[in-house]
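Which chain is which? They are A, B and C, in the order written, and residues in each are numbered from 1.
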Amino acid sequence: MLEINDLNAGYGFLQVLWNVSMRVEKGEFVALVGPNGAGKSTTLKTIAGLLAPMSGEIVLNGEAIGGMEAHRVSSVKGISFISESLNLFTGMSVHENLLLGAYIIQDQARIQEGLDIVYQLFARLKERRNQLAGTLSGGERKMLAIGRGIMSAPDLLLVDEPSLGLAPNLTMVVFDALEQLRQSGVTILLVEQNVNSTLKITDRAYVLEQGQIAMEGSSRELLKNEHVRSAYLGI
Amino acid sequence: MTQSTKTMPSESIPATLEVPPESRLQYINRMLGVSRLGLVLVILLAALPFIPPFNREDLLRWMIGATLIAAQAIAFDFTTGYINVVNFGFAAFLGVGAYTSALLAVELGVSPWIGIFAGVVPAAVLGFFTGVLTLRLRGIFAALMSWFVGLALLGIARNWVDLTRGPLGLSAPRFLETSSNRPYFYIIFAMMIVTYVVLRWITRSHIGLAFRALGQNIDAARASGINPTFYRVLNFTVQCAFAGWLGGFYAHYYGILTPQVMATSHTVEVLAIAYVGGRGSIWGGAFVAFPFIFFFEWLRSTLTDLPGLHLVLYGVLLILVMIFYPGGVAQLYELLKDLVSRFRPDPVSTTKVTK
Amino acid sequence: MQATQTQESFITDLLRKVFSAAGLTILLTLVIAGATVFIAGPFVLINAIVTGGMWALMAAGLSLVFGVMNIVNFAHGEFFMVGTLVAYFVFTPLSAHLKTNPSPLLSAVAPFLGILAAALVGALLGAVIEKTVFLQLRKRTKEQWIMNSFLLTVGLSVIIINGVQILWGTNFKGITRYWEIPPFDILGVTVSVDRAVVFFLAMATMLLFWYFLRNTGTGRAIRAVSQDETGARMVGIDMNRIQVLTMALSSALAALAGASLLFMFPSYPTVGLKPLYIAWYVVILVGMGNVAGALVGGFIVALLQTMTSYFIGPGWEDVIPTAFVMLILLVKPSGLFGSEVKGIHER
């Protein structure tokens, strides 16, 4: 479904990604792990269209989308990006944020469906539907960001470090939600620092170090891998 | 890695690589930042009023106007190009100096030659206050604040009719009895030179360095020990002092003063010229002022049925410069200088290094 | 137990709102308005209300453009001026026609045609400016955007003012009144029909504008862009489209204000300067980017102006509010109602 070939990307004169190649098949749950500053967020941002690649291609279902405008990647190509900084509309309520998540959808029935799914997934959000997003707690904001991201019924979900700064029980809720989404057919590319939990729920994983793919393979295999265990699992 | 076994014997280092100590003349030249070309142009400008057709009264009037704007552009760039704040109320400070000098002459009989220096005082004081007012404000808000100061001053000038005679206008005695423009040109020319020399000197000194640091990154400057309060207020005060001084000339040359002299549109004229000339160059606006004013005055006199066309061109040029060439004419000049130096033989490189 | 708790928190919440800077300002304004009516008579208030509504619309447009596009628009007043111009050129021939062919329906509707035409022209002009000038600047400037775009609008202002002057001259193009209906009495005050209609028009436009921003998808998208640009792009909002729309909307509001007030402000090239800095006073008073506040602030500044004009003298209405706004900028730069815009302070 998604193919990245020899991607070079960065910010201005600072190149972050060097010849990165990856693929995500339809329905897969793929992880992108690695240390801080490796370029994981940069990868997602480039796919999402927030960053233009320096060279290389990003191919979605056979169509090259590298350099496409972010709003088109989201609306036309069915890719939803949930950023690390969340980018919530802090002056608007939970409900309004979700409605904006469904910006590209015209059909009221589908929007309502989306709301139902999100409120079912995250009961806390339903309780606080009229509360301003800026006043939510950290965990609630993560939930809202994910909820907003799925309102557009995306085919591909790019999630950037959802568990960052979350208490373990909330991390469980978030990962559960991702699992459920995956079960309903959404393809997910997950960037995480919490390598242990991530490898346990994903099918495959890539390890990104210093802007290059250091390792790839099935999650189960990587869990057993020496380097991964010593570098990321502290074993 | 193999190292070169040959080391250069000390006696074959070309003498031209040693840097000779800077002579006094070179120091002055560096501080003034005047190239040979610049010097030639200034001398030409000084001689112009004796060269026909520039000895005509109407053209002399244009030259005076241009020189006045050039001097203003220099003062304007002193703040905009260095501490990176646009004093959008600039014309009002000129007006304060103008009114002060005019009123001193009218009410107390003070000679204009002294009056213009007296006019510096309230302008500088107001500049000081404006600098203080804008201290905590970021870029655009500082500009807006200075705009409001200008508007307030304009309003006061318009309404305090007892003092300023408001829109009816205040008559001020002129510098000299003569109706000829030529001596007036030399007055304003001298004032422009003084403005340039002083402000240029300051910008090339360590004070100027502090200004530039503030303009680039106020936090880094503060971390380096530069006190933003002191330098920002200093810059504003000096700029407004010069504006007030130049205002004195305005009063005693044009002879009549209305609150319109403080209008925002006058600040915009100076601003446009300073930007087109090149932000931060100090000389750019002054250089550009002459062809511009001449062209605009010529337009005004030939196309009398299209008043304000020159202002439209001001606006268009400002927009074009902002979008396409923010560095202005000064940047263009640097570019040309670069190109020229590439074609000129370099004395150092032609010296053979002897082994 | 539960009921009293929610009651209590409701009351404390209400008290907090009333005693906030915003609340106190509104309270103070109402008190002063009441006092003014008591001392000077309702006429001062009526004037303030009529112009206040239009200043509110202008300020709202200005705030919107700043919040969404990060542009400090110095040329905003020029849209007001264009509004007066269009209204004049639409209404005057209609008015002449009506003298020979009287028609009560057309007489009633004619001013609205002028106002509508003005709004449309304003919108078009704003859209064109965004698509030609701002878009180009956006492509080429990353840093110093705010200052550069501001200076660009200064250039635009000069071009528009002088362009209009060249094309249509500097003479005052005014009308005596929009509707030939004699003024009526309210509570002992004579109110002209023009003023009354303009007030209701301002209210209606405000409501429509508010509804649009709050409850429609596009309005929500505009608010989203002003709150988090990246987030807006992420949910599929087309930035270019929103920017054109915002600019058009802002200009339309300014032009509408100009057209509506043609009976008060005749059309001449520099007529937009005063509305410009009044709009800026409002925006700074309430807080940059605060559109809701701008709608209220318009009235506050109008009251301040009419009061200054009455108690101190006409002409001083330019100075006193200026000084007041400078005070605000000094003491509470984020405005009395709070600004969503960060980074006003230099730290």
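Methods note: a contact is a pair of C-beta atoms (placed from the backbone, for glycine too) under 8 Å apart; a residue touches a chain by one contact, two chains touch by 3 or more.
What you see is a predicted model; the values in this text were computed from it and never measured.
Interchain contacts link the chains end to end along an open line, per the touch definition above. Chain pairs B-C and A-C differ in how many C-beta pairs are in contact, and the one with more is B-C.
Each chain gets a centre from the mean of its Cα atoms; for chain A and chain B, those two points are 54 Å apart.
Inter-chain centre distance (chain B to chain C, centres taken as mean C-alpha positions): 36 Å. Centre-to-centre, using mean CA coordinates, chain A is 42 Å away from chain C.
Across the complex, chain C is touched by residues 86, 133, 135-141, 143-145, 148-149, 151-152, 154-156, 158-159, 218-219, 228, 264-265, 268, 271-272, 275, 306-309, 311-312, 314-319, 322-324, 326 of chain B. Chain C meets chain A in the complex at residues 217, 220-221, 223-224, 227-228, 230-239, 340. Of all residues in chain A, only 48-50, 69-72, 74-75, 80-81, 83, 86-92, 96, 99-101, 103-104, 148-149, 152 touch chain C in the complex they form.
Residues of chain C that touch chain B in their complex: 72, 133, 136-137, 140-141, 144, 146-148, 150-152, 154-159, 161-163, 165-166, 170, 273, 277, 280, 284, 313, 315-316, 318-319, 322-323, 325-326, 329-330, 333, 343-347.
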